[in-house]
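Next up, some structures in structure tokens.
Two complexes, one shared chain (subunit A), two partners (subunit B, subunit C).
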Partner chain A sequence: MSALLEVEDLRVEFGTRHGVVEALKGVTLSVAAGETLGIVGESGSGKSVTAFCVMRLLERAGRISGGRIRFRGEDITRAGRRVLAPLRGAAMSMIFQNPRAALNPIRPVGLQIADVIRAHEAVSAREARERALALLEAVRIREPVRRLEAYPHELSGGMCQRVMIAMAIACEPSLLIADEPTTGLDVTTQKAVMELLAETTARRGMAMVLITHDLGLAAQYCGRIAVMEQGRVVEEAVPDRLFGAPGHPYTQRLVAASPRRDSTVAGLVGESEPRAVVPTGRRLLEVAGLRKEFGGVAAVEGVSFHLDAGESLGLVGESGSGKSTISRLVCRLLDPTAGSIRFEGEEIGAIPAGRFHGSPWRKDIQIVFQDHGESLNPRFSAFDCIADPLRRLLGMREGAQLRAQAEDCAARVGLPGELLGRFPHQLSGGQKARVGIARAIAPGPRLLVLDEPTAALDVSVQAVVLHLLDRLRREEGLAYLFVSHDLNVVRMMCERTIVLQAGRVVEEGRSEALFAAPRAGYTRELLAAIPHFEPQGEPVPG
Partner chain B sequence: MSATLRHAGWVLRGNPVTLLAGCGCGLLVLAALLGPWIVPYDPIASDVPNALQAPSAAHWFGTDQLGRDVFSRVLVAARLDLAIAASAVSLSFIIGATVGSFCGYAGGRLDAWVGRFVDVLMAFPLFVLAMAMVAALGNRVENIIYATAIINLPFYIRFSRAEVNVRRGLGWVEAARASGNSHARVVMRFLLPNVLPAMAVQISLNLGWAILNAAGLSFLGLGVRPPTPEWGIMVAEGARFITTGKWWLVACPGAALMFAVLCFNLLGDGLRDILDPRMRT
Partner chain C sequence: MRGIAGRAGRRFVSSLPALFGVLVFTFLLMRVLPGDPAIFFASGPNAGQAEIEDIRRRMGLDKPVPEQLLLYLKDIGTGNLGRSMTTGQPVLNDLRNRLPASLELTFCALLIALVLAVPLGILAALRPGSVVDHAVRLLCTLGVCVPTFVSGLLLIYVLYYLLGIAPDPTGRIDIFASQPPEVTGFLLVDAAIAGDWEAWWAAASQLVLPACTMALFVLAPLARMTRASMLAVLTSDFIRTGEALGLSRRRVILVYALRNALLPVITIMGIVFSTMLGANVLVEKVFSWPGVASYALDALLSSDYAPVQGFVLLMASIFVLVNLVVDLLYGLADPRVSIG
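Let's turn to the complex of A and B:
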């Protein structure tokens, strides 16, 4: 079978302020007609750049400096617009990461799909509309006739991605490039979207390139997987072989760092298991009948739970389940509409959030945020970020003591002292995560609320950060309220878990029991939707 | 500090226009500071026998109807014009940015009321409003400053409100509160500095605009009174002689005015790049 797409020794350079940076250092890939190729790798590995090169959508700073891209045997490496225009959208199309941002916000989605059709085929507006309707049916959008007139903001993230898929397959392309198509979607939505993609490509005989950072997703939906690291393809194999017996050290690390049903935090970073934490049994936090309304709609309804000193409690749920709202209520950044929040027996829910900064409990309850890039003040250096709570909550003054204390916090989270002078944009994702954690532990809290602390990180960085958090808890006796959508992570990090749906608790129990034998139907659904890979043989020891 | 300077150097190397505008602004500031000491003639002393002389080696910009040296007057006027513009702009920046930031952060009723007030203010023809204010408050320099500050206020309020509004939900704002900062402190110490780089453009454009405004008011006979050297008055006085071919009386202060406005307008973009730490690496 001849290859549909051939990428040969592709090299791409980006001109930056510090000279030329080579993003792709000789990438060779091929995709046969009807095949699904997975490209996995962490951020900066060049997987998206490869996709953009194939579509010839590279931004202006980027330049193809070598190699060849052949599509259906035709060299399109340096093809002009006249050659590319009929190909893009018609013969090859692309689905982007953030579907809502990829759709035009001020045009009904039906018209946007019709636009694609009319750009490539001479059909009447009426006929294009008919076909758009058929496509919406094909991507299984409920009430397709009504949705034709809908604007992107009126649709959920999952529905927007379905619309994107409809646009991508509108002209029956032979190649579909999906760049992280389900990142940011809930697991159940992810499952539905991926199944739709797999089924659509199979039925229409389309080839697909699935770009993802999620090994489980690639294992489940791809026939062949290429692993990329720093602009190179380091390994390429069928999923069973790749995950069962990874050959390249990088693949081994990646496979080891990906949380599975049976992984442990120490196992992710290749260490032996430490002693289990024994919770003290001393009640730290007691939440009862918590309720929060936004504009008359309840986001959290009748939620009760408790947390002992030194214990870790997981809060899992999909978007809209109220887990972030609960974390901010407990952290006293938001005022509850009703219910009580007792910290060491004291009712702290009654102190208005606007005045909580001055309360003696402020230093006891701290929070680590999801997006570490967004949670650091762009105008503060790492030192200022960590020193701010020391100044405000412990009343420390400028000087050697403050510096020593901030450096100590940085050391506890494994942040090299010489990075303290840097600004957030000069730090990597993992380093920013460490600054965020150092800031939270700086005032010496007893309860740490962790709001999806690793959701924005690469798996290998996630493994290290989880290990760090686990170690901190053991060493400093912190209690964690661990909010996450990733059930595998919660199982590893928490003794007990609460499952939330639409602001209510649907299930609560000890983590092992809950994940081994879920009682609620919703929990079962969540667990079934996690993409997973099970190594066939023993992984080669790294 | 040295990092800031190095960064400023890098930005300026990439933007020769900004560098040129910066030099122009420096020249203006120098003229404003040193004007009275470096001018060749007394800008107010009349010398009627030498009235209405065309530009020459002795009088670079010629002389006016009372024989005063136009070059000296143009140079000395820089101080008054820049002082009016700078005080008016800083006044409206300080008040506008603070009020706007709090509105953008708090939202709700305060935001709605301030928003309506700004809408009402902007519904007036702003220059006419400034004229009315100076006429009502009295013909004094400080009243020109207040009037100019008030008509600039809406831009700062709107701008800072919008910039703060998009940032108030970000993680670092919540983190600041978890670190023990009050709402007021979050606005003043966290949000305002982040809005500053984008506002630098506005400030720079506004300076140019405020100079024009002050000159415009003086041109109409409001505010500064003769014989004080001021570009607007000089243009107004010179306008009487333009029909008889005495072009330098209008052209020289006019060109100074244009030069000042142009410099501040061009400076804006570069200033933002210099002030934003994210542009550094």
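Let's turn to the complex of A and C:
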């Protein structure tokens, strides 16, 4: 087979305020017709930049400084708009992460599909509409006639991605680049979208480049995988070999850091297993008949659970399952519509959320947020972020004691002291996560609510942060309410797990038992949808 | 569609208290301002105390202020805005006669401003930091920082006095031209209805200079807003999608980017319109334009309460109305608004 796409020693530079940064340092890849190539790597590895280069969608600051891109044998490295416009959409297409933002918010999706068709073929508006309808059927959207008139905000994330796929395959391109197509979608939706993509490309004989940070996803859907690190391809192989016997140290680390069915928190960072936590059996939190309505619709309905001191309880479920709402109710950022929340035997659900900050319980219940960048005040240095709860909740005055206490918190989360003077934008994702955790443990809480604390982090950083959280819990005897969509993470972090669907508890049990033998059909569905890279589900040797 | 109408209705009802507040506030403000209308409107400087008292009684100024306010509110409720002491006409009639002049001028100015500002904003956004961008910025800065009476006089000086292209800059239509029969009060519309193109041309050429003066002043907010929102939209994901799937550059910019970028411009447009209508009194003065703003200024200078109060009420109502229209337009332009 001749190569459809050849990338040779591609180099890309970005002009930034701090001088020129080399994003790609000689990337060589090739994709044969009909083949599926996976590109995996963490943020900053250059996998998306490579894709944007091929499509020539680099932003203004980016510049191809060397190398060559050949498509169907033709050199398009320096091709102008006139050459590219007929290729884009018709010969090579791309779909993106965050599908809802990738669609024009004020144009019906049917028209957007028709726009693509009419950009490449001289067809009437009516004919384009007919074909858009057929495409919506092909990507299995229910009630396609009605959906033609729908706007993106009226569709779910999964449906938006289907529409995006319909647009991308409208003119039968021979190459489809999918840049993190399912990041941010629920696992079951992810499975449906990926299967649609795999089937569509197979049926139409299209080649696909799948860019993802999820090794399991790449293993399941790609014939060949390239691993990228810091602007270079460090290893390239078929999935079985790559994950069975990774050659490059970076691949080894990446494989080790990815949570699997059998991994442990310590295993992710390559340490031996610490001894299990012995639950104290002392009741810390008792939630009964919890109900929360938004505009008359119940988001949480009849949820009851309890949490012992020093215990970790996982809340899993897909978007709309009410897991984040429960976490906000428990840490008293939202008022429940009905039900009771008892902490240490005291009813705290009756204290209005707007006044809870003044309650003595505030320092006992703290939260770690998902987006570590957005949840830090951009005008607060790391020190101020950590010292703020000490000042407000413990009433500490400015001075040596406050400084010492904040530095101690930073040390406990492994944040180097010299970083305390920096502002959030000067910190990396992992460092910001540490600041967020240090802030939460600063007032000495007994219950920590963790709302998807690692969802925005790369796997290697996630591994380290999970390890940190696990260690903190053991050392300080904290209780965790751990909210996550990632079942593997919850299994590792929590002794007990609650599975939620549409605001109700579907299943509850000890984590190992629940994941080994799920009783509810929904739990089984969730578990089956997780992409995994162990061949036949066996543990990876070594 | 019903959602939009409902929203407009709710907005209207919720603006009624504000309108009432404006009424009371203006009323009290006029009483506090120095100057006694009775003395001003007395026959002469040597009018006797008896005459002044008589005028004061006729105007109802001898009653306590709260009672005056109640009487005033009652009058407003029956649609009576009082009588102007300066013109001797009911305020309602005066406003009705003069409002079309102001509206015609403002509409034309807004149209000119939009026709200039939107393309300039787009050009500037497509090449940020380029010569075009800087030229647009300079033009906008000039437009804002040169006061309208200066730019108006400059235009008159160059186009009327030096070049002689523009007609005599006084009034809405050349005094020698025949006035078209009044239907709407908008001279351009009336002339077109009557088929009197000579009058239409006369009115249009009178309108050009003041409209341009006004347009120049509001060019900046519109062009800057278009540029800023266009810049933001051009970096958004769906523009990248359009590019990635091979849509033509024109389609990406005009259909995908511009329509999204115009949403905030609609909001600014409403504010700009209300400002132009009431606040550009200087343009009306420079061009002897018989509009409501210069009418209100004259009344204010002579402590003539009724016209000023009527004018403020009119402006407040127009402001509410314009906001409603902007709301409706926004609802039509952005399908996301109608929900929630």
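Observations
Just so we're on the same page, the second predicted complex is superposed on the first by the 534 of 542 C-alpha atoms of A that agree within 3 Å, B and C clash if a C-alpha of one lies under 4 Å from a C-alpha of the other, contacts with A are read in each partner's own complex, and residues count from 1 in each chain.
To be clear about the criterion, a residue touches a chain if its C-beta (ideal position, glycine included) is under 8 Å from a C-beta of that chain, and two chains touch if they have at least 3 such contacts.
Bear in mind that the values here come from a model prediction, so they are computed numbers and not experimental data.
Of the two partner chains placed around the shared chain by superposition, neither subunit B nor subunit C is touched by A:126.
Within the superposed three-chain model, A:397 lies out of touch with both subunit B and subunit C [touch as defined at top].
In the superposed model, A:85 makes contact with subunit C only, not with subunit B. Shared-chain residue A:371: touches subunit B; no touch with subunit C.
Of the two partner chains placed around the shared chain by superposition, neither subunit B nor subunit C is touched by A:142. When both complexes are overlaid on chain A, the residue A:203 reaches neither subunit B nor subunit C.
Applying the stated contact rule after C-alpha superposition, one finds that A:101 touches subunit C and leaves subunit B untouched. No residue of subunit A lies in contact with both subunit B in one complex and subunit C in the other. On the side of subunit B, the complex with subunit A involves touching residues 170-172, 174-183, 190, 193-194, 277-278, 280-281.
Those residues of subunit C that touch subunit A in the complex are listed here as 235-238, 240-249, 251, 255-256, 259-260, 263, 333-336, 339. Put simply, subunit A touches subunit C in their complex at residues 55, 57, 59, 81, 84-90, 93-94, 96, 98, 101-107, 115-116, 119-120, 151, 153, 164, 167-168, 170. Listed in rising order, the residues of subunit A touching subunit B in the complex are 17-18, 328, 331, 333, 354, 357-358, 362-363, 365-367, 369-372, 374-380, 388-389, 392-393, 423, 425-426, 436, 439-440, 443.
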